[in-house]
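First subunit A sits with subunit B, and in the next complex the same chain sits with subunit C.
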Partner chain A sequence: MTQTDTRVGPATAGPAPGRARPFWTTRRRDQLTGYLFITPQLLGSAVFVILPLVLVVWYSLHEWNVLAGTFDFVGTDNYQALADDPNLGAVLRATGLFSVGLVVLNLGLALLLAVLLNQKLRGTILFRTLFFSPVVVSLVAWTIVWGFLLQDNGGLNSLLDTVGIDGPNWLRGEGTAMVSVIVVQVFKNVGLNMVLFLAALQGVPAELYEAAQVDGASRLRQFWRITVPLISPTIMLTSIITVVGSLQVFAQIAVLTQGGPGTSTTVLVYYLYQQAFQFHHFGYGATLSIVLFAIVLALTVLQWQMRKRWVFHES
Partner chain B sequence: MRAGKALRGVAVALAGALALTACGGGGESADSGPAKLRMTVWSANEAHLKLFNEIADEYRKNHPDVAEIKFDPLPFDNYTTTLTTQIAGGNAPDLAWVFENSAPDFVASGALQPLDDTLKKAEGYQYEDLSPATLKLWQNDGKLYAYPFSTSPFGVFVNTDMVKKAGQKTPAELIAAGQWTWDNALATAAAAGAKSGKAGLVIRDFDYKGWDNLSTFWTGWGAQAWSEDGKTCGFNSPEMVEAMTTLHKATFTQKALPGPGTTADFFAGDSAMTVTQISRASLLKDGGFGWDLVPLPAGPKGNYAVVGQAGLGVMKKSPHAKQAADFLAFFTNPTNSAKLAQFFPPPRQSQLTAETLAKTNPKLKPEQLQKVVIDGITNGVVKPNHAGQAELSQQVRAGLDPLWQPNADIKAVLDGVCAKIQPLLAK
Partner chain C sequence: MSRDLSRRTKLVLYGVLLVLAIPFVFPTWWMVTSSLKPVADIFAFPPDLLPTNPRLDAYRRVFELQPFGQQYLNSLYIALVVTVGTLAVSALAGYAFARIRFRGQNVLFLVVLAGLLIPSEVTIVPLFQMFFKLGLVNTHWPLILVPIFGAPSVLATFIMRQFFISLPGELEEAARVDGLGRFATFWRIALPLSRPALGAVAIFTFLHSWNLYLEPIVFLSSPEKFTLPQALTQFVDAYGGPMWDVQLAAASMTALPVLVVFVIAQKQFVEGLAHTGLKG
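After this line comes the complex of A and B, so read on.
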């Protein structure tokens, strides 16, 4: 309530009246305005992103027993435990398998759909909508419905039964469980990448294809020599998003398989959830999340470096 | 000029927000007013909550220092995880229900407040009336850390309509003839399932994941998940191999149990029999189908009983631990214990009679109460529990997964389970 108008401050109370430049120049005022506008967002990320990141590092150096209320410094013990963890190999393998499977299937299918829907045919708008609609469906609802479909006596096997195929128990078999989780996730998100590819495809100038046709290039050759190089920035973008997203998969695993059968679908995020929230090893859970952070960082940097080699142009 | 106005606007808004958060913080930390108690429970059953609220309202009449008692139902599936996350997040409840499988962790960790003194001093409490068998799991170094408000034996609910339609003897007839064994129970279930096209027998909450519910089966063979002292794995014992072989055959050859990934709810009429706790009787709908409740069938080692337990404790971290313990004493005194008995079998010996239980369990007949409930509580084995249960449980689940395949090598799988959990047990 006693706020003074700072703009008149220097003029009335400044040490060198008259000659001195006012403190609140237009430039400074604009800067302050800018900072004040980003303050809410900055505060949000500081409290909900940066602080937790720092805390996770701090937690990873402690043995934190929630029930007993103890929080003891243990130095690098948790990192040592990482090296001795008999499950970690299987967990990393499952994580890698999921990521590779998801990226290959998702990008491949998205590009195929985008190329098909880029043709000037009747009904393409309907199909675009159909393929995109799962993206806006709630992830958990989508996964629960798929859980019912993939049950032993569920929708998919009933369908297979009508054509005389005895379908496997999708979510319970060592091999089929991982495939099921990947496919459910691909169907959920393929629409998003498809739309991105579609936008990129429509940005490819038609005269390039015409010129190629005149030169006698086949459709396949046109695709590899014209389409792929020109949409390579989008391929780059979608692959980073998909790889990072694949490493964060949690809800699908929690709903569909709970990491089973055995540990075949226990990916890193699910494993760290188990360690921290189910087994109460919060310190070790924090250590695992640092491993995850390092993997995501390394992969992103790698992809970013590789873009120079294969991304045709950057705008 | 315009920038200056905007600047002032933002500054005022920020100052306002700061003032608001300051007020909010101050209000919450003030702790002088009457206590607000919160109890986490895993039942969202309206009848349960109505009774709890009635008891709480009555308590508050004479206790002006308690402003509110809130029963907070958390989802059953993730109950312990949610509870520990709340504790980790600094939002611990004042009172909490605790499952038997996490009892060792909660009791030994020091998360709960000892209750003996409060309960013994409470007027008319009759502490000596509590059956020692029911208290064992909740004690550490001679102190009681949680009150076993529910000691619920497992029994077999039978859809007698389905069994009769398949031309089978009902379990009651088998019991009368002295033939109520697992062999006959599984044969009856298989026949009833085949005739109706529905499931035979469902071990409820097992679903090929909640393996501790299988103790209702393997105890009949004298098998145990681990030794009494908790140090030695019991999964590869000859008794366990025999029990699991029977279960495997019943599932994959005889088709008496629905296979993995198949859901069947007895109370919706999807299966002929189910093994579950008698507290689930409340799920039976009037006029649905003919049903019966019988004790677990005899195994090769004879008759046996298995109980599930639930405790109620006061969190040490609660700022109102004293009031919470006082309310717990009221909530479980003889009068209220008798009321709670309609849903949760009480630990009070004086109330463990068929006559008392019959008054509040209109759906169950006195002989069912005697045979299943009272005999079960007195002689029952508690479901497997161990310190670090969550991690053990996960390892056993993962280790048992290969067993649920038609061509599993049972002995090898069970050896594998022991290889996985022995290091954890030896800790």
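After this line comes the complex of A and C, so read on.
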């Protein structure tokens, strides 16, 4: 059909007569195609990501009353409210606790499972399937089941009862509620990181271990000196994904604890939801959104910096 | 690959794996079996691993208490539309960023990538107001449009770009020399080769949409518009306490089909996820 040599135009123009170069060179057509290909993504990002981000700043300077239909400029009032908010400290603390707890437990368990599954053992595929299965179970369904198991008279306490331990009311105690939501979330999603770690472990050349063994290095030493450095790009990647994901936690909190007891599990997204959509303080909700964005941004930049220093090799 | 293990080490490893598997497997098992039991038996301890006299009563009540069939269809069609839309948007953009040279390419890629740092939780307030002004609150449009173009699709574009970069270019170049246009090269050569990446993106996207919870409870208010995660939390008695048997029956119906698909296709599932651009 069309000839796509650098000098000859498309079929519609036909082979260019004379010496004049056709306007639609392959290069130009390629450029245009490139722009056309990215247009949906670019326009979509502009409308549904960039514009709302700009608006969130704009709205944080306003108070919107849906019922009265008013939208008033209030200057920095919402930021003053933020500084004066007696809950903010507790909310940030809960957010930090959740994120740190989740990231540490998730990455630790994911790595442990991946190492176990990377042994020469029959049936590891079956176990891999089992550990991964909660990832595909509906999030709210998973959370509801755990909500039942963690009740005062639920499955976990009955189990503890048989060995003579009087279990606490997991979801209603200040400390245990946070631990519970973290653990429920870890079991839900750890399979994802496990699979990524497993792929990374399988990429570590066996010769390295053999050499280390000849040198008499213990297994633990081999793990820290060979495995960890070689899979550090994956550790970095999974930690970025997990940290950003941990800041987005919402459904588990809404279903299991509703932010309680007190504000002990009121993480930032849940607080934002309460303020904007339950109490209809949209302007203040927008202000809290900016706080959330600032945290996501700061953590990503920080991790990117660490990546340069700490990651052993880049593939 | 690791070294050969002694018999004793193997036994210990199996023991550890079995114990570790309990919190991953038991909840799902318990959810399904309990949904077949009368309420009193759900609380029995030790729990019966299989229901002694299974009944489907709770399943019938799921459909009486909520328009559950409609809600199921809502979740299913939204997730499918979002998946197809995301695949189209991200394959096109990913291919262009990986293979086509055009001016401003790197800057535009960074602009798109910035979307990863802006999850919809950050923009939910203005998104609500935008859709409110457009009269699209209590419709499915926000649940479709925001994921297709927002952070999840940016991640998809990134995965597709990484995949296309890793793909050997000779086939495409040969096709181009033979006179195939850009789009035809993309459609007939590159896209069929990118099935593993497309599969991984499809799985991710489907699950993301299927699990969405904040957006539905913000945007939807009438039960016949609800999606499954939202519907699951509606099975409460007059005092606001959960109706466990009904809730677990509804949860089972939500979780089981996806789980079955996963078990059948687990190889593609797991390896697809592990061997895309996400590998790092």
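Miscellaneous remarks
Just so we're on the same page, the second predicted complex is superposed on the first by the 294 of 315 C-alpha atoms of A that agree within 3 Å, B and C clash if a C-alpha of one lies under 4 Å from a C-alpha of the other, contacts with A are read in each partner's own complex, and residues count from 1 in each chain.
Here is the rule we use: a contact is a pair of C-beta atoms (placed from the backbone, for glycine too) under 8 Å apart; a residue touches a chain by one contact, two chains touch by 3 or more.
Computed from a prediction, not measured in an experiment: that's the story for all the values here.
When the shared chain is aligned, subunit C comes close enough to touch A:53, but subunit B does not. Contact with neither subunit B nor subunit C is seen for A:163 once the two complexes are overlaid on the shared chain.
Here subunit B and subunit C are compared by how many residues of subunit A each touches, and C touches more. Judged by the touch definition given at the top, the superposed model places A:220 against neither subunit B nor subunit C. Look at A:262: by the touch rule set out above, it reaches subunit B but stays clear of subunit C. Residue contacts after overlaying the shared chain place A:206 against subunit C, while subunit B stays out of touching range. Contact with neither subunit B nor subunit C is seen for A:83 once the two complexes are overlaid on the shared chain.
In the superposed pair of complexes, A:136 makes contact with subunit C only, with no contact to subunit B. Shared-chain residue A:33: touches subunit B and subunit C both. Of the two partner chains, subunit B is the only one touched by A:278; subunit C is not.
On subunit A, the patch touched by subunit B and the patch touched by subunit C overlap at residues 3, 29-30, 33, 37, 64, 66, 153, 277, 282.
Put simply, subunit B touches subunit A in their complex at residues 3-4, 6-8, 10-12, 14, 81, 84-85, 87-88, 105-106, 109-111, 208-209, 259-263, 316-317, 388, 390-391, 394, 397-399, 401-402, 404. Within the complex, the subunit A residues that touch subunit C are 1-4, 29-31, 33-35, 37-38, 40-45, 47-53, 55-56, 58-59, 64, 66, 113, 116, 118-121, 123, 127-142, 144-149, 153, 155, 158, 161-162, 187, 191-192, 195-196, 198-200, 202, 206, 209, 233-234, 236-237, 244, 247-248, 250-251, 254-255, 269, 272-273, 276-277, 282, 285-286, 289, 292-293, 296-297, 300, 315. Across the complex, subunit C meets subunit A through its residues 1-5, 10, 13-14, 16-17, 20-21, 23-25, 27-28, 30-31, 42-43, 45-47, 88-90, 92-93, 95-97, 100-103, 105, 108, 111-112, 114-119, 121-130, 132, 145-146, 148-151, 153-154, 157, 176, 179-183, 186, 207, 210-211, 213-214, 217-218, 228-230, 232-233, 242, 244, 247-248, 251-252, 254-255, 258-259, 261-263, 266, 269-270, 273-275, 278-280.
Contact residues on subunit A toward subunit B in their complex (touch as defined above): 3, 5, 7, 26, 29-30, 32-33, 36-37, 39, 64-69, 150-154, 169-172, 174, 258-263, 266, 274, 277-280, 282.
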